[in-house]
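Heads up, the next two complexes both have chain A, just with different partners, chain B and then chain C.
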Partner chain A sequence: MLRYIGKRFVIMLATLWLIASLTFVLMHSIPGDPFTSEKKFPKATLENLKKEYNLDKPIPVQYLLYLKNLATFDLGISIKTPTRTVNEMIEDGFPNSAQLGVQALAIAVSAGILMGMVAAIYQSRMPDYIMMVLAVIGISVPNFVLGPLFQKYLGLEWEIFPIAGWGDFEQSVMPSIALAFLPLALVTRLMRSSMLDVLGQDYIRTARAKGLPPFRVLSRHSLRNAIIPVVTIIGPLSIGILTGSFVIEKIFSIPGIGKYFVESVTNRDYSVIMGVTIFYAGLLIFMNFLVDLAYGLIDPRIKLGSKEAR
Partner chain B sequence: MKTILEIKDLHVNFKTYAGEVHAVRGVNLYLNKGEALAIVGESGSGKSVTAQSIMRLLPSPPAEIKQGEILFDGKDILKLSEKEMFQIRGSEIGMIFQDPMTSLNPTMTVGKQIMEGLKWHQKLSNTEARQRAIEMLRLVGIPTPEKRVNQYPHEFSGGMRQRAMIAIALACNPKILIADEPTTALDVTIQAQILELMKELQHKTETAIILITHDLGVVAEFAQRVAVMYGGKVVETGKVDDIFYRSRHPYTWGLMGSMPRLDLKQEDALTPIPGSPPDLFDPPKGCPFADRCPHAMHICHEEMPEVMNVSDSHQVSCWLEHPQAPSVHEGVRVNLTTKTV
Partner chain C sequence: MAIPAHKFERVERKVEQAETIRKPSISYWKDAWLRLRKNWLAMLGLGLIIFLVIMAIFGPVFSKYTYYQQDLGAGQNMEPSSEHWFGTDDLGRDVFVRTWEGARISLQIGFFAALIDLVVGVLYGGFSGYKGGRTDEVMMRIVDVLWGLPYLLVVILFLVVFEPGMWTIIMALSVTGWLNMARLVRGQVLQLKEQEYVMAAQTLGASTKRLLFKHLIPNTMGPILVMLTFTVPNAIFAEAFLSFLGLGVQAPVASWGTMINDALVVVLSEEWWRLFFPAFFLSLTLLAFNAFGDGLRDALDPKMRK
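On to the complex of A and B.
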């Protein structure tokens, strides 16, 4: 097991390096640089600025310098707002984005599993149709439509939740739900089909033949088997939620990391682009790793690092 | 002999998009205490549906039990509430299924799957149930049960899984064990072992067994009584010897003829029954076998024959038993013997 984790760690590092290099190449192949703007800088100023950020050096040298900084977890200083380092930006923004994301993920996964189960159990009956209509709405209505709708009805008209802002829990409810909608729909649909598959399996009939009541059959035999595909998509889903939160953060004016991510690209703010990309990539890789570990816990047939396990 | 289970005039239909399938059409059967009854017949003859009706395990919809009674210890199972059924399934009647590879939950240890029924029906504590699970595994011939009890089904071989299934089914000492083609998915050497085990357990535990199979070799070895099903009906029932040596129904003769025999020359060894089983969407009004029967008479296509007593233990529903029917039994027997070399 430890060996497996070690091996995975090395692969994770290699993946990160690859992503860092690719981002670097892509970024430098976009025309323009951070100082491209309508107002022209005097030539001397421009040169000094470039020198300050090492942009005057040849690109291979820039690349090596960048990797060196990355290895020491120094993501550099923002070029557009030179008073802040990228590390600081992530430190400020990420906890908010993470809270939003984790809440949304928790809603999506728990409600999705529940709704998918209900839909499967009542297949082709009313509850199933209701769940599937909700799922289709969830998939087809983008969250920049949902967000303002929530603000208008839940916020302005019925005054259940505050319209926007960030700080206390109440303010986080609406954006979390709005953000959870799409993944919730995906999880519901996946859970429904996987549950239908499991309910038709022979071992469910065996469990019923033992005389167990339906709830016990469901909780002890169906759920655990049906949940395996859902676990698979939690990794990619959580990243979808983190990056998708940019729109939600903007609508509900939440000081998260998504804002920096998008703005940095339009500004060619090299260090911020690189920093945030690497950060997201690392997160995604780590989530996938966690999901792989979770497999082994849920499905005993999957043995991690199978060499030592008989 | 005390009768423990009696099925009276059972009708089961399946609703499909294409129409209603009359899978079981008036089955009458009984099972005595401690007895092994084999139900034989080809695919689609209604064997499994009959068995699953006893457990009320048929998914509804599409299945629907139209009429009939299933008396277990004098009570009609079909009239019980679903809640009362929980007390009977697993506790009074156990069931094992065809494919042991898919019949066990892959994410639960074998021990837990045995313990589950014990904890639910007999309210045993964890340690007691565990002790009993180990005992059961030992009883069904699994070596080092203390270790095996903690393993998952994928760590068991096919034969061992079927043994584990038997352990699950017998854990609560049921009065009846229904085995729905328990050896079909296993290879031949394992088949023999499993049958041997079931026979041995039947003697030890005095459980009555309903064995569903299409393997007549299994029947001869295992059962005391046999019911032959065709087209959703029981066409002949009797003691094993009645069926094997004194059978009176042309379908049973056909089954015998299509069984491989060591004493026949290779080219004569198998005589298939020509034709195919009746369409149960629109079952024939007469005898379901009439279309394939070499001795069919006019009346066979018109009217279903009554059940007739050949002896106390041997019943057959065939028009050939009617006093006015021509005697073909001798001819067939001669036919069978002339093939013998």
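On to the complex of A and C.
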């Protein structure tokens, strides 16, 4: 187990280093420097600016400085609005993005597990078909189509929820559901097939034969085993939710990191792009690491680190 | 009712016919096709894919307009009519032609993403699995490290640095797009290479190249195909997503993502057709490929055999 954790940890560090270096190389391969497109600065100002951002030093030195700053969680200053640091932006935006993401993930996982179970129990009957049609819609309709549709119908025509904005809980309902739709569909499908698999096992028949009430068979014997594959996709799901939040935050004008990121991409604010990319990548890579470990804890049958488990 | 004895005819056993097989043998692919044909959802998906490909090729030809031709004034924001089948947008461009131009972009992206999967992923995974040992270990650690990269973030980085457009998207997708395929093919090859026919071929002195291309890869074609049918919708989604954020193909080229983004400002007003048509065909394309992929997986998976 320790060996496995150690190995995963090394891979995690390597991935982090790779994304950091990739970001650095890509950002420095842009012709010119971040100030070329700006209005003409006097020569002295330009040199001072470059000094301020360490752009006057040779590239390898810049790279080492950059890695050193990353190691101390200093993501630098926005080039376009120099009064703000990237850390401040993340502190402002992250609570909102995190609330949106956690709500969406909670909806997707809880409703998905429930819907998948219902579909499996009523296999090839009406509830199953309804769930599967919903799942197919969830997979086929992108969230940047769903968002506007929700706004138009739930927001404007039926006036159930506020159209956009951020602040109270009501305003977070529509974006959370829109963001949760795709992961919900994926969880439902996965849960259905894994539940069907479990329900066909001998120990379920044994549990039924010894007279356990059907609900207990489901909660004690089926659910616990069927849920394992769902745990493994929480990592990839959070990636989807996170990138999805870029468009959802844009559509519903939510002041989260996604919105800052999209704005910084359109403004070509390189230091913010770099900082946010590293922050998100680090977050995701760390989450994947945790999910990998959780997988091993939930299912004792999986021998971590063995060749077969991969 | 008794049948008189003389109505029976004795069938002699003929030695020369003892070995003939009466029923035509059903190959792996024919067997899969027979099962796929019974799956109406998969066949619907296949039909839709063919329809979309045909419309992407010929759709713009049916119309007298071009995707960039503007009609400012009376022609702006026109409702669907016999003149403009899907209406016009805020610059008076024909939505019908633009929708099928978008289909061209989407299907091309899907095609190239699949090609990268096929070339890089299959070769990498096949080689790694076949060589085994230290080579495999190193090659798979590289995959593990790349695997952790959030791919849309990498794609966005590429698009910020290089000129946005279809080819940049394809290039960016190829950085991490092949990992799934490499893992799949490696796993299959690891299993297959223990089989007797591989040993037989090795004994006869077959080269690595011959073994990979004549024996191992053809035998994993089923799972490879299934994976490809899921690569395509993922790439199409990625392109629409990026174009929606303004990072994809640039104006005046039409893409479903940019059309949806342009329509966003009017979504709350009356001009429903500007959002509806690109959104509908994007969803339909994703649906078609996913349904077909699901059906293909069921048809090719021997475990599903009853």
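Convention: the second predicted complex is superposed on the first by the 262 of 310 C-alpha atoms of A that agree within 3 Å, B and C clash if a C-alpha of one lies under 4 Å from a C-alpha of the other, contacts with A are read in each partner's own complex, and residues count from 1 in each chain.
Assume contacts are C-beta pairs under 8 Å (C-beta built on N, C-alpha and C of every residue); 3 or more make two chains touch, one makes a residue touch a chain.
Only a predicted model underlies this, so the values are computations on that prediction, with no experimental measurement involved.
Student: Putting chain B and chain C on the same copy of chain A, do they fit or clash?
Tutor: They fit side by side.
Student: Contact-wise, after the overlay, does A:Q201 reach chain B, chain C, both or neither (first, second, both, neither)?
Tutor: In the superposition, A:Q201 contacts chain B only.
Student: Once the two structures are placed together by chain A, how many degrees is the angle at chain A between chain B and chain C, based on Cα centres and rounded to a multiple of 10?
Tutor: 70
Student: Could you let me know whether more residues of chain A are touched by chain B or by chain C?
Tutor: The partner with more contacted residues on chain A is C.
Student: Which of the two partners, first being chain B and second being chain C, lies in contact with A:K210: first, second, both, or neither?
Tutor: first
Student: Touch test for A:R220: chain B only (first), chain C only (second), both, or neither?
Tutor: In the superposition, A:R220 contacts chain B only.
Student: For A:I233, select first, second, both or neither according to whether it touches chain B, chain C, the two together, or no partner.
Tutor: In the superposition, A:I233 contacts neither chain B nor chain C.
Student: Using only CA atoms and the superposition described at the top, report the least gap between chain B and chain C in Å.
Tutor: Nearest C-alpha atoms of the two chains are 9 Å apart.
Student: Quick check on my understanding: which residues of chain A belong to both its chain B contact set and its chain C contact set?
Tutor: The answer is that chain A has no such residue.
Student: Over in the complex, which chain C residues touch chain A? Could you list them?
Tutor: Checking each residue of chain C against chain A gives 141, 144-150, 152-154, 156-158, 160-161, 237, 240-241, 244-247, 257, 260-261, 263-264, 267-268, 275, 279, 282-284, 286-287, 290-291.
Student: Touching chain A in the complex: which residues of chain B?
Tutor: 55, 57, 83, 85-91, 94-95, 97, 99, 102-109, 113, 116-117, 120-121, 152, 154, 165, 168-169
Student: Which residues of chain A touch chain C in the complex?
Tutor: Chain A residues touching chain C: 11-12, 14-15, 18-19, 22-23, 26-27, 29-30, 136, 139-142, 144-145, 148, 151-152, 156, 163, 239, 242-243, 246-247, 250-251, 262, 265-266, 268, 270, 273, 277, 280-281, 284-285, 288.
Student: In the complex of these two chains, what residues of chain A are touching chain B?
Tutor: For chain A paired with chain B, touching residues are 201-203, 205-213, 216, 220-221, 224-225, 298-301.
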